[in-house]
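Chain nomenclature is as follows: A, B, C, D and E, assigned in order of appearance, with residue numbering initiated at 1 for each chain independently.
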Amino acid sequence: MANSVEIKNLDLNFGAVKVLKQLNLDIAEGEFLVLLGSSGCGKSTLLNCIAGLLDVSDGQIFIKGENVTWAEPSDRGIGMVFQSYALYPQMTVRGNLSFGLKNAKVPKPEIAKRIARAADVLQIEPLLDRKPGALSGGQRQRVAIGRALVRDVDVFLFDEPLSNLDAKLRTDLRVELKRLHQQLKNTMIYVTHDQVEAMTLADRISIMKDGMIEQLDTPERIYAKPCNKYVADFIGSPAMNLFTGQLSDTRFGCNGFNLDVSGYEFSDSGLRDGAAWLGIRPEHIMTGDAAHGASYSGTAEIDIVEPMGSDTLVWVNFAGQSVRVRTIGQSGLKSGNTLTIGFDAARLHLFDKKTELRL
Amino acid sequence: MANSVEIKNLDLNFGAVKVLKQLNLDIAEGEFLVLLGSSGCGKSTLLNCIAGLLDVSDGQIFIKGENVTWAEPSDRGIGMVFQSYALYPQMTVRGNLSFGLKNAKVPKPEIAKRIARAADVLQIEPLLDRKPGALSGGQRQRVAIGRALVRDVDVFLFDEPLSNLDAKLRTDLRVELKRLHQQLKNTMIYVTHDQVEAMTLADRISIMKDGMIEQLDTPERIYAKPCNKYVADFIGSPAMNLFTGQLSDTRFGCNGFNLDVSGYEFSDSGLRDGAAWLGIRPEHIMTGDAAHGASYSGTAEIDIVEPMGSDTLVWVNFAGQSVRVRTIGQSGLKSGNTLTIGFDAARLHLFDKKTELRL
Amino acid sequence: IELEVTHWWTSGGEAAAVTKFAEAWNATGNTWLDGAIAGSGGTARPIIISRIIGGDPMAATQMNHGRQAEELIEAGLLLDLSEVAEAGGWADIVNPSSLLEGCTLDGKIYCVPVNIHSGQWMWLSHAAYENAGLDVPADWNEFVDSAGELRAAGTLPLAMGQQGWQQNLAFGAITIAVAGTEAWREVTVNKNADVARGPEFTAVFDAMVNARELASGSNVQDWNQATNMVITGTAGAQLMGDWAQGEFAVAGQVEGVDYSCLPGLGLNDVLDTGGDAFYFPVNDDPEITAAQLELAALLISPEVQVSFNLAKGSLPVRGDIDMSAANGCMQKGLEILASGGVLPSGDQSLSADTQTQIEDLMAQFWSGDMPAADAQESYAELIEKAD
Amino acid sequence: MTVAPDPPAQPAKRPRRLFKNLMAKLASLPMILTALVIFVGGTSWTVFYSFTGSRMLPKTEFVGLDQYERLWNSDRWIISIKNLGIYGSCSLVLTLVIGFCLAACLDRKIRFESAFRSIFLYPFALSFVVTGLAWQWILNPEFGLQSVVRGWGWETFTFNPLNDPDTVIFGLLIAGLWQGTGLIMCIMLAGLRGIDEDIWKAARVDGIGTIKTYVVVIIPMMRPVFITALVLIASGIIKLYDLVVAQTGGGPGLSSEVPAKYVIEFMFRAQNLGQGFAASTMMLCSVVIILIPWAFLEFGGRKRG
Amino acid sequence: MTVTTTKGPRGPKPKKAFSRANIFLYGTLIMVSMYYLLPLYVMIVTSLKGMPEIRMGNVFGPPMDITFEPWVKAWSEACTGINCDGLSRGFGNSVRILIPSVLLSIIIASVNGYALSNWKFKGSEVFFTILIIGAFIPYQTMLYPIVILLREIGLMGSIGGLVLVHTIFGMPILTLLFRNYFASMPEELFKAARVDGAGFWQIYFQIMLPMALPIFVVAIILQVTGIWNDFLFGVIYTKPSTYPMTVQLNNIVNSVQGIKEYNVNMAATLLTGLVPLLIYFASGKLFVRGIAAGAVKG
C-alpha cells in the first residue's frame, strides 16, 4: 500500500520553543490515524503543518508522494475539520460547502453535483439553506465534514472534531465518523485527547508527548503492549496501577508483595533484572473467588467504592498505595471491608525503572 | 436523621419563563445529593436558590430547620464552589480563604486555625502564599473548596466543580471529594451533568428535567430501576437500547422479535398490557454462547465494532434498528459478521408507551 | 479674476472697512473672495503662514508689516511689488515714509501699507463720569486721580481685555506717556537694556501697577468687549488703539459728546505708526499675478484709502488726500502725524519672538501681583536678549 | 523508526521570504508608510529642527541645546508644565473615579440604564471647542451659575473660577471631566460586564458588602481595563489644547497655559519654530515616558494578542 | 411527598422600592445627570431667547418668548468678515470632508487590522507599535512636517489633503480596534478559509467583513465625531472656501460685533454638534457593545 502522507524529520519552532522535534510519520493510503496525546503536546501543531497552515522549520512533508512542504493549503489535497466547526456564519450551509469549490473555479453544475453527493452521504439535505447559527452542534459538525468532503480531497484532517459536543452526541457522531470512513476509504488523520475516541476510531494510534511520537501502533497493541511507562499510564481509564520494585529473573518483588512473573511475555530487550515498574490495569485485577487461582493473590482494605452502573470502581489500599480495581456492577462491596485481589502474570506490564521502556 | 435542607413548593420564574416548578426536595443531614440533568434543566438555578443568590418566586427553603427563604447568602450556613472556581485573583490563597472570615470579624487566631485545618484536609499548605494565577486547575478547585470549608458551613453547594478539568484530574478529584465527604460528613449538594460523577459520588441522585425532579433515589436504584423512560435513557453510557412494541401479559412482541417477560419484576402499577417500550442496557445483552440460555436469543449482523481496551462496544443491526452491545475487550468481532445476542428478562425494563412510566 | 484675501478683521467696524475694499475691487470687474479668520492675528497667522509655505497661498493677505514677513520674503514666497510702487510713486505719497520702509527689503517693496494704526490712545466714557458726578479727565494723570471716586460710584475705572497683546499695548502707551519718546526709542529700537533698567522705566512700571489696580475686576477677554464697557458706561476708560473708534462709530456714539479720545494718553503728542499691510504671495498663474498687482495699486488709491480708513477709524497712509470727513479723533491723529510726532511701531523694531515674550510677561504681570521691580527686571532681560 | 532519506520526487524549494504573504504586505503599505513617513519621519524632523535656530521657516542653523535652555528658563513653559501637572493629575484621578463609579451604578441592573448611559456619553460627541464655549458661558460670573445662585438670594456666593488665576485650572477641569468621563464610563462598563458572574456570587456567599466587593475584588480584577483607560486619558491630557483655547485662551494672564499651546504659539505666533519644536520634543519625551510602561504591560507579557 | 405548609417567610423576598441603597443610587445618578445635562440645557434655552432677555441675566431660566431667530441667523446670516452666510457653507464642506475621510480611514484601518491579526509578517508588529505610539503624539508635533508633505504631493488646501490627514491620524486607534476585533475571532475560521483556497482579499471580503459589523459601527461613530469635530486640521490644512463647520463656528463665535450674541453662538454651537449628537443618541447601545468587543480585553 502506498503511503498517503509522509513526514520526514519535521521540526517546528515557535521562536525558541521547539514544539515538534525531528518527527517522522508515514500514513498509509486509506488509513485512519489518530494522534493522541495530552494537551500541549503538539498534536494540533503537527496537523497544521500537514495542512500547510504553519510553516515548518525544517523537514519535509509529502502527500501522495508529492513534496508539498511549501505548497499552499488549498493545493495539498487536504480537507480539514475543526473543533469549533469554523463554519462561515454568514453563509448558508450550501454557501459553506461551495466556498472552496468556487474559489477553485469548479464549474457550477459540478459544484451542485458534489454538494448533492456530500449532503446525501451526511444526510444534511434538509439543512442546505439554513445558516450555521440555526443548526445544532452535531449538524454543524456534519456540515464541517461536508466542507472537506465536497472538495474531493485525498486526506482528511480532523482537529478534535467532537470535543465541543456533549457526551451523547459524541458517541453517535463517533460511530457516524467510523461508518463514513468505512464508506469513503480516504486517509484520515484525527487529533484527539480522548482515549475512547482514539481506541474506537483508529486503525493506528500515534501517541505523542512533547512533540515526539512515543508509540505508533494499532489500538489493540497499544492497550495490550504499551511500549513504555508513559503510554501504559496514558492509555486506559481508569489508569493502570503501577508499583515500583525489583525484578530478578522470574520474580518481581516490592514493598508489600512478591510474585512470580514467569508467565510474563518478555520483549526482545532481554533484560530481566534490576529496578522496574510493574503495571496492572484495574480491569485485569481479579477479585473474590477468581483471584485465588491467580499468579498472586492477597487481601486489601477497601477505601472507596464508586458504583458506575455497569461496573464498579473500587479503590483499595494495597502495598502501601491506593490501587484501582474495576469489578462488576452492583458488587455489594462497601468501604472498610476487605477484598481479595489477584494478579495474573500474563496480564502484567513490566517497565525498566530507568529507561521506562517495556521489558 | 433530621433534614438538613428542605425545599417546599419552590417556584422560580425568570420573567415569564418558569424555570423551577413546584419543586420539593428534602436532603438529610450528611447526605451527598447530586442534581443531575441535561443542560438548561434548572440545576444551577435550584442551587442558586438554595444559596440565596436568586430570589425565589414562591415556596420556602429551610436549612437545618430554619426558614431561610429571605436570609442573606452569608447567613444561611452554606458554602459554594463554582465551576469557574471564582477565586479572587489578586489575593493569595490564604487571602482567598480568610476573606470571608475577616469580613465576618472572626478573630485572627481562629482564622489561622481554620485555615490550617482546611489546608491540611485539602493538602494545600504549600500553596497558601501563591496567587490563584500560579495554580493548576486542580489546585484552584481545591482552594475553592477550601473557601467553603473554612467557613464551617453546614451545607456545601457545588456547581459542576469538576467540569473545567481534564479527564484524569477529574477522576482524581472525584475520589478526593468522596473521601472528603466521608471525612467531614457535611451535607453536600452537587450539580453535574456527568453521569459518572453522579453515580460515583452520590448517596442519592435527583434527576431533573425541565425544572422538575424526575426521580430521586440511590444511584443503584436509578440504574437498576429507572422510574420512567427519560431516566432510563438518560442514565447509562452507552445509553439503553429501546424497542417499541406490544405487551400482552407475559410476552412482549415487536417488529423482529418476541419474548417471554415472565421473569420481569413488574411494579405495583398492575398494568401488563398495551403499547410499551422495552429497554435493555448494552452491558446486559448477552453474546455468543452465554446468549443461548437467555429468555430470548437471536442473531444480528455486526455493523461497527468499537474496541475500547477493557471492553468492546458493538453496534449490531437488530429488529430494524441499531442496537448497542457491550462485550469484553479484545473480542475479535469484525464488522459484517453475525453475532448471537440474548436478552435476559430479569434485566429488562418495560415502560408504558403513553405515560412512559415503568411498568 | 477671483482673488482670495485673508485677514482677521471680523469685528463690526473692521468688517465694515473690509467691505470698502471688497466693493472697490468688485467694481473693477473682479471678485473679492473673503477669507476672514476670526480671532486675533495670533489665530490667523499660523493659518496664513502654513498656507503660504504649503504651496497653496491666498492671493493676498493681511499682515502687520514689519519684521514678520522677512523670512517669507527671503524664501522668495512673496511677490515683489516694486514695479507698481514705482508706477504709483508710492515713495512720494506714503506718509510717514517709515511705513514703506517696513515693506522694503533690499530695496524692493513687498507690501502695500493700507492704514496707520497707533496704539497710544485712551478712550473715556462720558456717561460713566457723568454718573459718578465727575469731570471727564484730560490726561492719564487726571484719570488716575479720579479713578478712586469712579470706582466708589460702582464703575470700573479701566476696562482691560485679558489678553497679552492688549496688556502689552497698554504697556506701550503708558511707556510713551510716562517715560517719554526718547527712553522708549532707546529701549525698543536700540534695545538698550540699561535704559530699561533705569529710573524712567521704574516710573513706567509703577504706573503699570497703578493701572493694574484700576483694571482689577475687568473680566472680559476681547478688546471690543472692553470697548463695549466704555460705550455702555460700565467702565470709565480703556487703553486701546485707534481702531476702537470704529466700535464707537458702529454704536452711533459721537466724539466729544459720548466719549473722548486722548492720543498719547493726553500727555505726549506722539503716536507710533504701526498699521496693516497687505502682502501678495507668489503665484504660478500669470493672470493672478497681474490681478495681484492691480489689487495692490487699488488698495493704496486715494478713494479707497479714504473710504476704508473712515470706516476703520484708522489714518490713511498717504498724506495727499482729503480726510475732512474724518471725525474728531481721527483729526487729532492726523494733526499729530502732520506735526511729525511719529514713532516707528513696535512691530518694526522687535521680532515676533520678542513681542510674544513681552506679551507673555505682560499677561503674567496683569493677571497676578508681580511687583513692579520684578517685572522691570524681566523686561530688561528680554530686551537684552532681543534681536 | 528508521528513515530512508530518499530524495524527494520534486525538490520543493523554500520560497523567497519577501514574497511570502505579498498581498498582506501590499495591503499594509498605507500603515507602513504612515508609521514610517508620518510618525517616524515627522517626529524626527521635528526633533532635528529643535536643535536649530529656525524662526519662521525651518533652517539648518544649529544652535545646540540653546532652545532647550531657553525653554526651561521660560516662565511660561514652567507655568504650562505645572498647569498640565495639576490638570493632568486631577483629571486622571477624577476621570477614573467618576467613570468607574458611574459604570458601577449603571451595572447595578437599574432602570433607564440606556437613558443614563446616553446622558453620560453624549458630551463625548461634542468637540472641545463646543465644550469650552458652553462651560465658559455657564461659568461666566455675570449671567452664569454665580449670578443665578445670587439671584436665589445667596448674595455672597462666589463661583468665578475662570477669572481667578488660582482656580482657572479647575474651571477647565469641570469642562474636561464633563466631556471625557463618558467614554471612560463606557469602557469601565464593558470591563464590569466582562467580570465573571460567579465572582459576585462568591462574594455574596462570603458575606462581603457590595461596595467592599467593588473595592477589594472587582477593581483589582479590572486592571487591564484601568490601564486602557489610563492610557486614553493620559494621551488626551497631553494633547490638551482646544479646550483651553476655547474656554480661557490661556488666561487670565498665563494662568491656564498648557504645553501644547506653547508649542503652537511659538511655532506660529512668535515665529520661532526652533522653540516650538523644542517644546514639542519635550512633549514627545513625556509621551514616550508614559507609553513605555504601558507598552511593556500590554505587549510584553503575551505572545498572541 | 407530602408538603406541610410551614410558617415563616414564603415566596419572594419583599423588596422596598425606596430602599436606602436605591435612593442613594438613583439620587446620585440624577444629580450627576444634571451636571451632564446642564450645558445642553443652557445651550438650548439660550439659543431660543432674544438678546434683550439674555441681557437680563439668568442663563438657566426658560425662555419667555421662544424665538427661532438665533437659529436662522446662525445657520444662514451670521457674519465672518464680509461673508454673512452663517454655518450653511461649512455644513456642506464638513459633509464633503466627512464622507471620504470616514470611508477611506475605515477601509484602510480595517484592512490593516485584518492583516495584522491574521497575516502577520516579519516586522508587522513593529510597524503597528510605531503606529500606536503615533496615536499619542501631540498633533502639534506633526503640523509642520505635514504642511511640507502636503506641499510636496500638491494637496495643500484641498479637501483631498484634509481627507488624507484625517485618514492618517485616524489610523492608529482604528487599526488597534480592528486588530483586536479580528484577533478575537476564531482563528480556525481563517484556517478553514485558507484550506478552502481563499486568498487575502477573498477572506477579507467574504469571511471577515460580514462578521465585523459591530466594530464597524464603533469605528464609524468614532470617526464621524472625531472628523466632524476637528478644528485644528480643518483650519490649518484648508482654505476659506473649504472650511468645515467647526471653523465656521469658531469664526462666528469669535467675530464679536459689539456685544456677544450669545443666543446665536449657542444656536451655532448646537447646530455644529447636531450630527455627532444624533449619532450618539441613536447608537448608545451598539457603541458600548462595540467598545467591549474591540477595546477592552483581558
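By definition in this document, a contact is a pair of C-beta atoms (placed from the backbone, for glycine too) under 8 Å apart; a residue touches a chain by one contact, two chains touch by 3 or more.
Keep in mind that this is a model prediction, so the values were computed, not measured.
K.L.:
Going only through chains that touch each other, how many steps at minimum separate subunit B from subunit C?
P.N.:
The fewest steps needed to get from subunit B to subunit C is 2.
K.L.:
Compared with subunit B, which chain's mean CA position is the farthest off?
P.N.:
When every chain centre is compared against subunit B, the largest gap points to C.
K.L.:
Counting only Cα atoms for the centres, state how far subunit D is from subunit E in Å.
P.N.:
15
K.L.:
Hey, how far is the Cα centre of subunit C from the one of subunit E, in Å?
P.N.:
The answer is 41 Å.
K.L.:
How many angstrom lie between the CA centroids of subunit A and subunit D, rounded to a whole number?
P.N.:
Here the centre of subunit D sits 53 Å away from the centre of subunit A.
K.L.:
Counting only Cα atoms for the centres, state how far subunit A is from subunit B in Å.
P.N.:
Measuring from centre to centre gives 27 Å for this pair.
K.L.:
Could you list the positions in subunit E whose residues touch two or more of the other chains?
P.N.:
143-144, 199, 250, 253
K.L.:
Which subunit B residues touch at least two other chains?
P.N.:
Touching at least two other chains: none.
K.L.:
So which bits of subunit C are touching at least two other chains?
P.N.:
Subunit C, residues with two or more chain partners: 46, 50, 53.
K.L.:
Quick check on the complex: what are the subunit C residues that touch subunit E?
P.N.:
4, 6-7, 9-12, 15, 18-19, 22, 32-39, 43, 46-47, 50-51, 53-56, 58, 222, 224-225, 228, 247, 250-251
K.L.:
Which subunit B residues qualify as touching subunit D in the complex?
P.N.:
That would be residues 48, 51-53, 72-75, 78-80, 82-90, 99-100, 103-104, 147, 151 of subunit B.
K.L.:
Residue numbers of subunit D touching subunit E in their complex, please.
P.N.:
By the definition above, subunit D touches subunit E via 17, 20-21, 23-25, 27-28, 30-32, 34-43, 45-46, 58, 98, 101-102, 105, 108, 110, 114, 116-131, 133-135, 137-138, 140, 142-144, 147-148, 151, 178, 182, 186-187, 189-191, 193-194, 210, 224-225, 228, 231, 234-235, 238-239, 241-242, 259-260, 263-264, 267, 273, 276-277, 280-281, 283-284, 287-288, 290-291, 295, 299, 304-305.
K.L.:
Taking the touch rule as given, give the residues of subunit D at its contact with subunit B in the complex, in rising order.
P.N.:
Touching subunit B from subunit D are residues 196, 198-199, 201-202, 204-208, 212, 216-217, 220-221.
K.L.:
Which subunit B residues qualify as touching subunit A in the complex?
P.N.:
Contact set of subunit B toward subunit A: 38-39, 166-168, 171, 174-175, 178-179, 182, 193-196, 199-201, 219-220, 223-224, 235-239, 281, 283, 303-304, 306-311, 313, 315, 326, 329-330, 335.
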